[in-house]
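Which chain is which? They are A, B, C and D, in the order written, and residues in each are numbered from 1.
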Amino acid sequence: MRFFSDNAAAAHPKVIEAIAQSNRLDTAYDGDEWSARLDGAFAELFEREVRALWVSTGTAANCLALAALCPPYRGILCHRDAHIEVDEAGAPGFFTGGAKLMLLDGEGAKVTPDIVESAIGLIRNDVHQVQPAALSITNATEYGLVYRASEVAALGEVARSHNLAFHMDGARFANAVASTGASPADLTWRSGIEALSFGFIKNGGLNAECLILFRTELAEEVAVRRKRAGHLSSKGRMLAAQVLALLEDGLWLENARAANAAARELAAAAADRLLYPVEANEIFVRATSVEAAALRARGFDFYDWGPGEIRFVTSWDQDSKSVEQLADAIRAL
Amino acid sequence: MRFFSDNAAAAHPKVIEAIAQSNRLDTAYDGDEWSARLDGAFAELFEREVRALWVSTGTAANCLALAALCPPYRGILCHRDAHIEVDEAGAPGFFTGGAKLMLLDGEGAKVTPDIVESAIGLIRNDVHQVQPAALSITNATEYGLVYRASEVAALGEVARSHNLAFHMDGARFANAVASTGASPADLTWRSGIEALSFGFIKNGGLNAECLILFRTELAEEVAVRRKRAGHLSSKGRMLAAQVLALLEDGLWLENARAANAAARELAAAAADRLLYPVEANEIFVRATSVEAAALRARGFDFYDWGPGEIRFVTSWDQDSKSVEQLADAIRAL
Amino acid sequence: MRFFSDNAAAAHPKVIEAIAQSNRLDTAYDGDEWSARLDGAFAELFEREVRALWVSTGTAANCLALAALCPPYRGILCHRDAHIEVDEAGAPGFFTGGAKLMLLDGEGAKVTPDIVESAIGLIRNDVHQVQPAALSITNATEYGLVYRASEVAALGEVARSHNLAFHMDGARFANAVASTGASPADLTWRSGIEALSFGFIKNGGLNAECLILFRTELAEEVAVRRKRAGHLSSKGRMLAAQVLALLEDGLWLENARAANAAARELAAAAADRLLYPVEANEIFVRATSVEAAALRARGFDFYDWGPGEIRFVTSWDQDSKSVEQLADAIRAL
Amino acid sequence: MRFFSDNAAAAHPKVIEAIAQSNRLDTAYDGDEWSARLDGAFAELFEREVRALWVSTGTAANCLALAALCPPYRGILCHRDAHIEVDEAGAPGFFTGGAKLMLLDGEGAKVTPDIVESAIGLIRNDVHQVQPAALSITNATEYGLVYRASEVAALGEVARSHNLAFHMDGARFANAVASTGASPADLTWRSGIEALSFGFIKNGGLNAECLILFRTELAEEVAVRRKRAGHLSSKGRMLAAQVLALLEDGLWLENARAANAAARELAAAAADRLLYPVEANEIFVRATSVEAAALRARGFDFYDWGPGEIRFVTSWDQDSKSVEQLADAIRAL
């Protein structure tokens, strides 16, 4: 019974089916009919014109966006626990040509306008100190919190006032939409987001994410950077087909709701042990090593987060029985 | 009837099947059981220990290898028509951090020891001129020629004597093996090759290539660079599974033989029009624009290579009837 | 009697004097009174507003300019014998983050509009091939030829029509001005040049060059890049003072005229042996190895350019007697 | 009366004299007789073979060293107030190709073995997190503290045990030697330092620093990187001559002692206001804005460090009378 990571889950059967169906001769790269439909599909979802480029990992989506938004000699403000800082092997430095991540504090990997303002206030405005060019937030955050639309908008206001580009790492964007009930548009461009890494892989996809550019004029540059980074798949139709399958009939949202619901069930069981509010599909729980061992002995797999802390992640396909069993087991600790 | 590019062909049904079968919860990234089998499978094929890392494009395979073989402040000798020079959007410069491609001449995109020696001879050995650190060849070449094992070995000797790392872009390695009849080992490490980009996508794969490291000590660095370049897929099992499916029972070689056979058939028909000997699955043909138009009018799709030149590429699944029809049409010009 | 390189000559006494005079406590970096006068001094010389940043080498001037003019994922058109290509150890790749030098032919390291147009015509306009973003020329060229103002303007027209930034490596700009008699303005911005590496070190300076930005809005970025490349000297006044000393009363032009005159004298003596017209301060001469040895035996120092070719370079302080002696010696060969 | 920065002081008269004396025709770049003497001069000072390369800024010295010691895909442990982190405009990211500075705490910008060990202990040893490859310390630190030889050695031990390269930013190395009384050898290579940025500019030099490589095998690579970064001056003799002038008869040490002595005098006067022990030539003092204004009104120039904090820096040529006056003024606050 695996609660280790949504990364490791299977892809949704419709995704596999879509890959199989798109497996026929067509134009190479992104000239095929599936890729051609992406802009339109996301335009509908976001209620405005966008440019959507498939890539095969979240790291690629994030870092292609950051490279387009921040020149090598400037910096990107982000939380110190942001995925781009702690889990991408320095990819932002590679893609941007050495731009600096400028780290912010904030509970549950969530930053606030005050935190951003304070950090900016400490930077001397001269040629010796790196000046920030962008702000990047993660929604849902690395600790399973979400930014509501109003919270994103408040940060967007700060970004605008300091002339910062504004990026959202949406590896779990679907979970954030499902959790907040906000429209994708309100959670992003209406709140100032200029580029969104829209994650599908943790949510039923196999290996396709989408980089959504609300600043559509960046698409040409990003397309070149994508090729240059070795991310222009020659049979890209298989990536586009996955995304289209997940967008169809709101499957992406349905998947996220299922994962979130499983997480809420576990959160209720672990209410007095929670390290953070559970707002998406991650549950961080206080547990002694003896307790952790007891859970493992009962067949539950999860991540040791730190001393006395464990993490569960629920997936789109989380078996309801195993969730129930884990909830019971947590209550019984 | 498409003779445009092997890039655009469908994947082999067994590849799609393998993806579907590997679509179940397992460890993320490359910790799964399919990925774990790659080193062994290629060790068998190459008759020695190797390290094999999947990546999703040939550009990624090539450039991760080059970055490990050449420091940013040195250069890579390659043919001026090499894919890394003309078709990867400057990816070698990106991955290496600015190393220089040092361009060589040679008929049919094929270099010889003499050409390499001459080029090296022209480089002043001082701090002002970029010194080469690596040699990269493509087999089969971008013009459909192949290097025999003895030819690779002669270049390997030159590389060794100048202390150059030696890389092979094997986007069509399968076609080269099929064409020369050489063993994979003889065509590579026994002839001095240290890293091979082993292509599968043009040969029945969907989106998996393998970077084969004969200098196995480079694997740790390359694994970090792969992650850092956004090329560590979280469900990497789908990439490994494709490769394993193509390796099984020699399917990769069977596919390449089919493509080569189709090319030979077209070459025979175009014998007096060939720009290069046809040794793999690409056929470059002299044709006036009127002739080209005539072929297109009959339903054949292909690439206008240059004034008076057209290119056909055959694929693993090339329909024999369409090959016959094209051969007839060429003869009838 | 040294005709090896103008790089190796002494600095003008007034330059040393200026350094000594500026050696007093002042604001660090470029906040001092000498640095503050540069913009104005060059504005006068160029008959318009400019931004002038001192740097300590020509490579730094060139590559800071190129980094500001060309993004990492695009290319810079230049002659295949350009200093940036053959003598800067790959610095353009380093400063730009991997942009590609796209090499042009042309007699005497001089390119023409036709040559540039042809090269551009060969580049497929797609995402796989690097697209050019800039054109860089050297005036005087690496072979001692000069571009007249009209020639620069014709290239400027080509650059503009293809949306290319236009840079001039003016390591020997003074010699070009002296040779053509054109105004600095006509030779540069009035002909489309956007950034000029204005060389002083080969012309009586010690270690100060100036990067002149006609696109003044680039100054802020270039200032940051200069610091980031370790080129913001803390006692920058010593660099500014050198430049001001050379600008004063046209000393820079006087120096260049002296060097050019010495070169003309040698050119006259070697008229039937010249490899290129002598238009600045470099003389390329056909000479057998026996002849070269004979000259060396008489105490002349110079560069062996290639088989049967030698190079003389004259300096601002070239002793007229040694020039006469060399002229005689060449005639006597 | 200027206590703003040792960066802004004049150069020592002997340095200017040395520049003037070396101003004659010689081989370009670093082939001249002055440059040739550097290795020997530093070998004597450090009691072992070293390779010494002049560069014109401390940022260049630091970042060339770091680029040679740390590959792009790894990290450099340093204090969060280190000059390389806060005052070099991101130069480490530029020179290394995107390596990550990994920030350490520690009073007065000084790190301890425990702090380093703790930081390393928090890094997951996997491909997702950047692994450190180097440790860099500043001696004297950015807050005017010094590392004794035994303290460096203890850090050297940590570095060795974790396979980290070990770099010292010695922008004020002379002050550290003068303060500790340790031999240059004990403060560096005998304590594990592999590369030292030996500062001269803040200590009587004009624009020459030296990068001292105790791992002499790195010299070839560093020399190439120096050229590639535009830091190979064509008249490098003027840089070498400065350094030799300062080394002669221990002038460098004499200068540092003078600066340190002036700082001690101020420290005594400000004893109850000191933010850090004064061990070199920087004095950080608590002062209200009213007090700061009062000092300024009396003609003293200094840096506002932060709310209620001011910084004085003494130089090699600090006028003893102005020191006395400032001491009195501080006491009188």
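Note that in this section a residue touches a chain if its C-beta (ideal position, glycine included) is under 8 Å from a C-beta of that chain, and two chains touch if they have at least 3 such contacts.
Quick caveat: nothing in here was measured; it's all calculated off a predicted structure.
Looking at the partners of subunit C and subunit D together, the chains they share are A, B.
Looking at B-C and A-C side by side, the one with more C-beta contacts is B-C. Centroids of subunit A and subunit C (each the mean of its C-alpha atoms) stand 50 Å apart. Centre to centre, using the average C-alpha position, subunit B and subunit C are separated by 42 Å.
Shared contact sites, meaning residues of subunit A that touch two or more other chains, fall at 29, 72-74, 88-90, 94, 97-98, 127-128, 224, 227-228, 232.
Considering their complex, residues 29, 71-74, 97-98, 127-128, 131, 221, 223-228, 232 of subunit C touch subunit A. Note for the complex: subunit D touches subunit A at residues 72-75, 86-90, 93-94, 96-100, 127-130.
Contacts from subunit C toward subunit D in the complex involve residues 2, 4-5, 7-11, 16, 19-20, 23-29, 55-61, 63-64, 88-91, 94-95, 201-202, 206-207, 224, 227-235, 238-239.
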